[in-house]
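These notes open a run of structures that come right after.
Each of the next two complexes has chain A plus one other chain: chain B in the first, chain C in the second.
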Partner chain A sequence: MASKADRPELIIKGKRLDGRAFNELRPIKIEAGVLKNAAGSARLEWGDNRVLAAVFGPIECQPKHTSDPAKAVIKCKYSMAPFSSIGEHGRTGPNRRAIEISKVTKEAFENVVFLNEYPGSEIDIFIEVLQSDGGTRCAGITAAAVAMANAGIHMKDVMYAVSAGKVGNEMLLDFNMIEDNYSDSDMPMAISPKDNSVLLLQMDGNNSKEELKKGMEMVLEAGKKISKIQRDALLEVYRKAEANAEKGV
Partner chain B sequence: MEPMDEVKTYYIKELLARGKREDNRGMFDFRQIRIKRGVIQHAEGSAQVELGGTVVLAGVKLQIEEPMEDTPKQGNLMVAAELLPLAHADFESGPPSPESIELSRVVDRGIRAAECIDLESLFIEEGKAWTAFIDLYILNHDGNLLDASSIAAMAAIMDTKMPRYDAEKKVADYTVKTEPLKVKNIVVSTTFGKVGSTIVLDTNMHEENSMDTRLTIETDGKAVRAIQKGLHGSFSVKEIESLVDVAFNKYNEVKSILEH
Partner chain C sequence: MKTIVMPGDVIEQTAERIENTYSENGKLYSKIIGLYDSEKGSLVSLEGIWSPRVGDNVVGIIKSARNAVYEVDLSFFLRSILVGSKYDRHIHKPGDVIEATIKDVEDRKTVVLTAERVLHGGTVLNVKPTKVPRIIGKANTMVKQISDMTRCNIIVGKNGIVWIKGGNVALATAAIRQIEDEAHTSGLTERIKKMLEDGGGSMPEPVQEADKYGNAETPDNDMRRNGPHGSYNKDRNAEVKGYTAASDNTDIEIEK
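On to the complex of A and B.
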């Protein structure tokens, strides 16, 4: 986190630097079924974030000692491309941050997948951040949920993720990179929209209980929009297939 | 899971559903917390913490390094956790597991977000600053490593004395340690386990084997400084809000043990 002393003005006349209102999402675009070899996949644009998510499986769990005879095992790898950030070349291979994000993402998906329908198997989730601009773990989870549904994995729900956080005295939705760098707090959340249960929650910084409450309300409100974009992306796959069938392609 | 563990899990779930805990604690009671300070003479600060049967040894070493590029006038903080094979049959030697990385990062996040260590006081001169290495050694695992580790880290930080900086030779002089490390704030971690629909504070090993999810809330008494949800289960927004209240209520209890 950069020093707050040299923080640029992030809010000017009630608007954020990119012109957004406090509770406004960046533009989100999702396309499902973009990778031929994966069982399911999604390409996501979220502001300047560019994320690819792919799901392989269910396949036989390897190595054998990691398998569970009673249910499927979910394996998740979140990774940032070395060229994804402004500035220096990133290091290749998983760092400690990526390992933690992979872990909490995997745990969120364990909640929604009907694991006992796939005993002894593994389901792999790969999240590749190709360009990062703040909020990549949320973008990755939102994309991975679409990829999971696109793969036909049986799930209770299609989750979404987005973060809220504090700048000065204001709670803002969906930080971009510069807001993220100079924020007073950040709280990424993944939600199951069916009952608004919280599947992933992290936070650091400085928040009162009221601020946390406001942040969570913002996340749930924005979730309605994200869920719709996810649903449309999944439906679009079938619309295309239908159109192609009519054309006889 | 061993068959005996499954029996135990069933027993724990039955008990909690009736509002009882294996060791007769209240739902939001910590096990007994014991702190021994200064247990490692060679470390700049150290503390061994027992939280019930869980034992964590934290050591602080200070070392001169180049400041981080984005904070040239500050020292640095590094937290690492070792789930030692001697602490539990499930812990294996090898590279850090995702569990140990999460543990150290959540402890780090609380200390960093609450600005417990005055990192500016660790700056020495252009291109030189102290890095505080906090290493968490898990010696026995009986549940709730997160809170035990956070208390151990905090106690070790409060026990730390700075080595002298030899300005002539431009090196650390570890033979002279007098000034205490500048501690600006105290952060307290409270970790809740949810078994079925029952939520309890400070899970022991049996409760931990039975729980679906956990939530760690770290406060400094005034504000929430860090949160981490773990495992496959879920929480409602209402539950999270009420646990934030419990976390604030627990702050003074742990803080007074840390200050004792």
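On to the complex of A and C.
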């Protein structure tokens, strides 16, 4: 994390460095069902982020002692490819940060999946960051939610995640890498769009009550767009097959 | 009217509980990606795993044999076992493909199989378990159509393992893959029929079969023994007759 002293100007004439408004998302593109061998998968492009998510299961829990006879166990592995970034992030292997993100992702999904329907099994979530430009944990959760729905695992909702944070006195939505590095606070959130319940809330730095409220409003507003993109991606799998079918006739 | 719903979509405010849904705060939500039929009030899953029910016909592979208890791989997360008879131990070996019926699901932990039948030779294919009803079709029409037109012996397990033997395996596999992809569309039976007719040129001639088994009168001895479509046929003898009639390449009749 860079210090605030050498912070560049992040807001110039009411616009951000990449020309976005304060509450504007980066362009998002999702494609579901891209991996043949996985039960469910999704490829996500979020600005300059490239994320691949794959879901396996429910399968027999291995090793046996990690299984729970009453419910399924979710195992999540977030990892960044060695070529994903120029900075420290790009190191491969499980580091402190990757373990933390895997844990919070797993816990977010434990809230929505009907675990008791698959006793003694495990559900594997793999999130692979191919290229990173800030906000990869949110991108990872958003992609993993699509992959989970694509795998047909029974769950309450298709969640999305996006971050909001503070630069100077302004609340901004969806940080990119440079904003993330020099921001005063960063707050990734995962939301279940059905009733806007919060499934993940982390906060680096300090936000006042008003700032948190404002950030949350931004997240919920942006979430409608993200949810729509997720739904379209999931529907596209069947639309494609339908189009092929019509061509065949 | 059929619509595709997503997890978290509200189904109907007043309806009673239907499969693949959950209720919260007096509303009914979908758990899955599925096709919701508002007239029938049913939600059919498009993706996901199979859930074992007593009486389901499955195809599995013997994993291990200990005394007369066989562990069977159904590509499912629960353990499944087959208890052999007291008198004929070690009749199955690891690697044998069997067709069996589910006798019981004990404590949601163990699937117990019964009435097994060894499937000799052939090819095993994994399909999505949610597409199995469509592969079988209404009253076996789809699987019978594929079986007749490719002259394959096909057995479809509810757990998503399909066993194919004899005939044009490649064409049958392609047909099953197409059903898997287009299971949610209408008019599928017709398209599969057309697809099979288009690919029908590569059907093996009856003479080749005779060479293979050295017997021109009974083209497939295994088929005689096993029955052409396994346990999905209520009247096995009638099916065998039907098969022989259909083996005449020029005159294929398909029941609907």
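The rule is short, and it goes like this: the second predicted complex is superposed on the first by the 244 of 249 C-alpha atoms of A that agree within 3 Å, B and C clash if a C-alpha of one lies under 4 Å from a C-alpha of the other, contacts with A are read in each partner's own complex, and residues count from 1 in each chain.
Here, a residue touches a chain if its C-beta (ideal position, glycine included) is under 8 Å from a C-beta of that chain, and two chains touch if they have at least 3 such contacts.
This is a predicted model, so every value here is computed, not measured.
Tell me the contact category for A:207 with respect to chain B and chain C: first, second, both or neither.
Once the two structures are laid over each other on A, A:207 reaches chain B alone.
Given the touch rule stated above, what does A:198 touch, chain B (first), chain C (second), both, or neither?
first
Output check: A:96 vs chain B and chain C. Expected answer is one of first, second, both, neither. What do you get?
first
Give one of first, second, both or neither to describe whether A:37 is in contact with chain B, with chain C, with both, or with none.
Neither chain B nor chain C is touched by A:37.
Looking at the overlay, what does A:110 touch: chain B (first), chain C (second), both, or neither?
Only chain B is touched by A:110; chain C is not.
Does chain B (first) or chain C (second) touch A:187, or do both, or does neither?
first
Touching A:169 in the superposition: chain B (first), chain C (second), both, neither?
In the superposed model, A:169 contacts neither chain B nor chain C.
In the superposed arrangement, what residues of chain A touch both chain B and chain C?
Touching chain B in the first complex and chain C in the second, residues 192 of chain A appear in both lists.
In the complex, go through chain A and note every residue touching chain C.
39-40, 57-61, 69, 114, 118-122, 149-158, 192-194, 231, 234-235, 238, 241-242, 244-245, 248-249
Quick check on the complex: what are the chain A residues that touch chain B?
2-3, 96-97, 99-100, 102-104, 107, 110-111, 185, 187, 192, 195-209, 212-213, 216, 220
Give every residue of chain C touching chain A within the complex, in rising order.
4, 6-8, 20, 22, 24, 29, 31-33, 45-49, 77-79, 108-109, 130, 181-182, 184-185, 187-188, 190-191, 194-195
For chain B, which residues count as touching chain A in their complex?
Interface residues on the chain B side: 70-71, 96, 98-99, 101-102, 104-105, 109-110, 112-113, 215, 223-237, 240-241, 244-245, 248.
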